[in-house]
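Labels run A, B and C following the written order; every chain starts at residue 1.
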Amino acid sequence: MAEIEQKLSAMGLELPDPIMLPPGVKLGIRWVRVLGDRAFVSGHAPLAQDGSLAYPLGRVGVEVTQDEAYNAARLAALAMLASLKSALGDLDRIMAWLRVFGMVNTGGQFNAYPLVINGFTDLIVEVFGPERGQHARSAVGMAGLPFNIPILIEAEVLIRSSP
Amino acid sequence: MAEIEQKLSAMGLELPDPIMLPPGVKLGIRWVRVLGDRAFVSGHAPLAQDGSLAYPLGRVGVEVTQDEAYNAARLAALAMLASLKSALGDLDRIMAWLRVFGMVNTGGQFNAYPLVINGFTDLIVEVFGPERGQHARSAVGMAGLPFNIPILIEAEVLIRSSP
Amino acid sequence: MAEIEQKLSAMGLELPDPIMLPPGVKLGIRWVRVLGDRAFVSGHAPLAQDGSLAYPLGRVGVEVTQDEAYNAARLAALAMLASLKSALGDLDRIMAWLRVFGMVNTGGQFNAYPLVINGFTDLIVEVFGPERGQHARSAVGMAGLPFNIPILIEAEVLIRSSP
């Protein structure tokens, strides 16, 4: 088994099924846009195992607690890895995480956005190690996210060109 | 006539005049920053034919309807194409749309941001075709956009180096 | 002395000490992620000389005035230059500023975000000159920023590979 998938497996983590959009939503985008040695990754939501949007929905600090939001950011990382595996064939082709933009659905007084997006970063750094996994990042509060998801995360990664 | 401009023309689309900033606004930025095979595109607003900000202004779901916002996202695509033509000389130099970040001025309960930013994506994919046109994308709700525009969209594209 | 540092010195500007996070905050990110000829720069807050968050905190147009916010954006530029110096060894390795994303903590009616983020752009263009310094940029209003800072700015720059 490939190195990164072995690591995920050893951590007891499973990648979700491909993204299922809410009924009636059609998007002409790509979840991962690969070109040369770069993969640009669309904003990913936290997903349930079957690829549907994970619960709870809502604003962090209002309908969603900080701990739930940290876990949602972990789920967004797993959703992104599932999309990357589908686009790249093999997660071992990911040489470096470059840039991560972590967006938190906000509404009240809560503003510890970096502690929420750590759910994403902690998982990626554990799976890929600090040299490949550590990235530049912003973690910010949004007035709204699609379909009231609590978290949305986009990224850019360096990849090994296909053999 | 160049391929992409021919396509725009066949679709009955016209590019707006260069961006006219509101009175008193001076910006030391570039609408398109070209370097090697990459063009980084600043956030573009929907423009009227004369390059001024298109109406209606306001928050989507409050002062601006979803249909008006979809159309505003189309206008932002045309504004971006006008800036790219001015920077690159020829739109045929655009080899691939890589990353799009679509921002929607929000305020009420509306959160179908992806359906609004589809106005941009649908036009780009129709003009460039899916292979060149499909991109990674996030579509999100902002607490505010400059001068109360309903939509702001930034992008990164792969270009053919100048001959 | 190196060219860019000489220029900063001639302008009477001093880079702040390394970023001091608020108590209890631990981040597995990199302030600057360098790979090949690119440096991806995490969102930077305005810093005081000792590396702590600069005052005032709050929303621009509510607790923070436009002039204070312009100055905060200058301080964010200096904080970013300090991180880049630490990551690159020498600021003269910065060949071009490519993309800047300027985020303004917002809440009231204020929406002249570009005039605020000009505090960053004006300083960078003065220090690096228009050819190297001018960048693609978006300047937008956020529902919240970490720890209630008024401004957060991320960037991507082209660098000369290490000799």
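Here are a few things to note about the model shown:
By our rule, contacts are C-beta pairs under 8 Å (C-beta built on N, C-alpha and C of every residue); 3 or more make two chains touch, one makes a residue touch a chain.
Just so you know, these numbers come straight off a predicted model, no measurement behind them.
Under the contact definition, chain B and chain C share the contacting chains A.
Interface residue usage between chain A and chain C, two copies of one sequence, is largely distinct: under half of the residue numbers at the contact are used by both copies.
Centre-to-centre separation of chain A and chain C, using mean CA positions: 25 Å. Annotation for chain B: residues touching 2 or more other chains are 101, 142-144, 156. Residues 25-33, 35, 38, 40-43, 101, 103, 142-148, 152, 154, 156 of chain C are the ones that touch chain A when the two sit in their complex.
Those residues of chain A that touch chain C in the complex are listed here as 96-101, 104, 106-107, 110-115, 118, 121-122, 125, 130, 133-143, 156, 158.
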